[in-house]
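Got some structures for you, see below.
Each of the next two complexes has chain A plus one other chain: chain B in the first, chain C in the second.
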Partner chain A sequence: MIVRVFTIAQNTVREAIRNKLLYTLLFFAIALIGTGVLISTLSYVESERILQDVGLAAIRLMSVGIAVFVGVGLIHGEVERRTIYTILSKPVSRVEFLVGKYFGLVFTTWLMLGVMAIAFAVVSLGYGAPLDGGHGVCFFLVGMELVVIVAAATLFSSFTTPMLASLFTVGVYLLGHLSRDLRLLGEQAKSESVKPVADFLFQLLPDLESFNVTIEAVHQLPIPAAEVGWATLYGLGYATVLLILASYLFSRRDFR
Partner chain B sequence: MSRVLPEGKAARRIGTVVLLAGVVLLTTAAHRQLPHEVKTQKGDAYVPRPEFAKAMSLGFDAVLADYYWVQAVLLAGGSFDPQSQSTHLGRLIDVVTTLDPWVDHPYRFAAVWLTDTLDDVRHGNMLLRRSFDYHPDEWRNRFYLGFNLFYYLEDNAGAADILHEASQMTGSPQYLPRLVARLRSESASLAAAGLFLEELVRTTEDEASRAEYQAALDEVEVEWRARQLDEARENYKKLHGRDIEFVEQLVVGNQGVLPALPDAEPSSLPAPLRRGSRWVIDEESGQIVSSYYGRRYEVHIDEHSRRRKQRIEERTRRSRGAAEVETSAAPSNGSAAEGEEADGV
Partner chain C sequence: MASDASEVVRVEEVVKDFRPGFGLRVKRVLHGISFQVRRGEIFGFVGPNGAGKTTTLKILMGLIQSTGGSASILGSDVRETDFRKHVGFLPENPYFYDFLTGREILRFYAKLSGVPAESREERVDTLLDWVGLSHAADARLRTYSKGMLQRTGIAQALVHDPDVIFLDEPMSGLDPIGRMEIRNLILRLRGEGKTVFMNTHILSDVEMLCDRVAVIVHGRIRYEGRIEEFVNDEGRMSELVVSGVAPEVAQRIEEQMGGELRGHGERIAIRLREKHVGEALQLVLGAGADVVSVTPERVTLEEIFLNAVEEGEKDSPGSGARPVRSLHDAAGAAAGISRTAEGGR
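Here is the complex of A and B:
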């Protein structure tokens, strides 16, 4: 099973890196990281911080862009080209196919994240902005966020069109960053019935703020190892649940 | 190898280029007609409530904080009278420090620029106090708060307390305990103002603010010398049983009480700007004044601050008047108006 999943993942990476959209997004990400130099000159103080804030924001935004817009088309493309029939006629189950696609896409987004991280490091060092382990942790957690976002993209693309899957995934991303505020809103609400609903939504939606340590990295604040550990576990767990759901829906899908 | 285009094709290409050039020119002309001022520079850009901005940042709080910070810098740098924009600046810095409370300079930026009304000063002080949680070891934030309390709010006891905290911190200047002692012992000390201003000139990163602090410090320096002359004048009176008619009498021959008159101009004044000012007796007040300033300095109130204070008092009076009118017009809103009054001046 692992070999089959690995083969599909390998092919997915190969297919994804041929996608021109990937390079367009990568180009914009690197251009944005570079733009940070220009933006930082607008402030007479703390320009290194602004440079890194802009760089990290560009990386996070474009990574998610790659995960969503490249991710949602992968399964649909196989169905559209009817290559899925050829693959599934081999001794490959639908679940293996889906999981292989997922890992392939996760690897692709990580690869792009790595390229962007290198560009960020080059610009930071060129500008004399400090770099330390916190930045590494920040990139790692962006990678974990991508694990969840790619799982959401895979889930939605397993049962709907790429357009809707993109919309749903972007929605999950936005709500994922709002989930803590939703819970806070529930706590502050006067109505007693709002609190359990807000709590339920907080449990249901991904808490993507768990993976956001941009401020800590830029200000070189300590990032507790336990927090990183729990966030990793949470991300892997959440992605697994989404993949199980996706596998269930995908195995029942009618391709005709 | 040149390629000869058919006549019609060449004409079409030329036509396309001309059309493109025309459209570009038209677009540029239209764009020039539009106002190019950034809304923030006019002070009418929308600034969300901090908690709303935090929720809507969707995890991009750091970069959004930078956006509002740059807006604040543009507003302060682009406005002829940044203090008049200080309420707007205060809202911007509030958003910045809510989105990313670990920022460092914006807190002191707020302390420098939020001085248009006493409410603005209090808002700046609230922001400085917020910084204590995130920069507990930064003595400068406490120093700025101490300055605001002493200089604008004339709360010497409060200033002394906060400076005492600052003096316990690593890196704080050695004279801080002395400043605390002065603030606790005198109600309005020239030396305290001088010490404060010296430090502000040394540590303020923004050139415009530094120039203002330097101007205030210059006045303090000249006032210090004027007070020495006052002392010499008293000695002269005791010695001769009469007052001087002109300041130079203090050093004339054997009757003088001073070896030389001090410089009547600030020592920081560069040579090209010196205008040979001298010490004179002011006809109206009878006080010894430098012809450079033409008047005596009052603690808390240098020229810049006097204007600012007058403006503060005027605005405060106006806002009080407006609040009273509103209260009398809408008695049901009385409690809200009272609340504002209590929070305000």
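Here is the complex of A and C:
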């Protein structure tokens, strides 16, 4: 089982890194990190922090962009081009196939995150901005956020078209960053019926702000280990639930 | 489910419904089909476009799930996956990851099929050689022609040395040389003791290659049986045209040999089984009559197929399923069509 999942994951990485779209997105990501230099020159104070704020925001945004644009087409493309026919006729279960695709995509996004992190470090060091462990933790948590986003993209891709899967995944990303505000809204709402609805949505949607320590990293504030540990467990747990759901839907699908 | 050791594929009362669109309407594409494929044979699954051939094959390959009935390969339910290491599959117009080379794609399928690492490279090289792709082994698949992709498809189906191979329209898109090569490959596989299940609508290939066939029309199996059942000499009919034969001789041929007499007067036509032709000729010539012609009736698979389709058109849609008939019956019906056509000329 492990060999089959690994083989599919390896092939997914190979497919992604031979895809020109990936390099276009990566180019834009590095260009955005570079624009931090220009934007920071507009301010006389805290220009290093502005540089890093812009750089980290670009990395977060482009990582999700890569996850969505490369991720949602992967499973749909297999069905559309009928490459899945020959794979599933081998001793490969649908769950193994789906999990292999997922791991391959997570690894691809991590690889791209690594390249962007190196670009960020080069720009920061070139500009004289400080770098420490906080930045490393920040990148790690962006990686954990990608674990969740890629799982959402895999789930939507397992039963719908790439266009809808992109919309749903971007929707989950946006709402996931607003879910804490949603709960706050429920608590402050005058209507009694709003609170349980807001609570339910908060429980259902991923709390993606758990993975956001940009401010702490840029301002060199301490990041509690417990917070990182909890976010890691939360990300892995949430992604597992999404993958179980995706596997269930994918297993019932007819490839006509 | 009772299963015979010689049975490689068993399909029993398989039903498949599709729901076109989002409505409640259900379209039944397979109406409780049943057939068996035996070890070591080349089995032709024949039918017109839209008859349900590919749907059946997809159920066998686990790509779609049947609504009812059961299907098994090598004694395992088709919904399982482990037995698939003994199964090879070539889909119709196969498409592969075009960013990989021929060698990389075979390596990929070999790994998925559990070919041990130590023998993998050797097996990949052997298969590339078998299908004549050694010269293009390191070229990306996006540069391959349709024929080369078909050969790649055959190679991936065989890379793990399966016992049973399913081919969906294996001659599709091939030139005459390519088709001949694939035909030879299929015969070679049978020679090695493999079982081959072939979906096709090219009847000449079926006649040339298959031991047994099943004809599917509108989601129902119309005929199932051995090719020899309708082309062997025992069952084949001939027409004997004689001149100046005495009435008592003609009557003897009719009564003793089951001959059917047509025409009156000087020249009569006698239709009888081919095994009785020699005897009838001796009798006619011995009585001093002249033999004008002896014409064997050749019932082709095409005629049987057309007959099946015609019957299927009459029965569908909405009518109940008709019982599966033997090819021998089908041959008789098809011969009837031939005679009518000849009579009309």
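Note that in this section the second predicted complex is superposed on the first by the 256 of 256 C-alpha atoms of A that agree within 3 Å, B and C clash if a C-alpha of one lies under 4 Å from a C-alpha of the other, contacts with A are read in each partner's own complex, and residues count from 1 in each chain.
Everything that follows uses one rule, which is that a contact is a pair of C-beta atoms (placed from the backbone, for glycine too) under 8 Å apart; a residue touches a chain by one contact, two chains touch by 3 or more.
Just so we're clear, the structure is a prediction, and the values are computed from it rather than from any experiment.
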First, second, both or neither for A:219, with chain B first and chain C second: first
Partner chain(s) touched by A:151 [first = chain B, second = chain C, both, neither]: neither
First, second, both or neither for A:68, with chain B first and chain C second: neither
Partner chain in contact with A:44 - chain B first, chain C second, else both or neither: first
Partner chain(s) touched by A:177 [first = chain B, second = chain C, both, neither]: first
Partner chain in contact with A:208 - chain B first, chain C second, else both or neither: first
Contacts of A:138 with chain B and chain C, given as first, second, both or neither: neither
Partner chain(s) touched by A:56 [first = chain B, second = chain C, both, neither]: first
Touching both chain C and chain B, counted on chain A across the two superposed complexes: none
Sites on chain B touched by chain A in the complex: 54-55, 58-63, 65-66, 69-70, 73-74, 100, 102-105, 205-206
In the complex with chain A, residue positions of chain C that touch it: 18, 58, 61-65, 81-85, 87-89, 91, 94-97, 99-100, 108-109, 111-114, 153, 156-157, 160, 166
For the chain A and chain B complex, residues of the former touching the latter: 39, 42-46, 49-50, 53-54, 56-57, 60-61, 174, 177-178, 181, 208-209, 212, 214-215, 218-219, 221
Of all residues in chain A, those that touch chain C in their complex: 3-4, 7-8, 11, 14-15, 18-19, 81-93, 252, 254-256
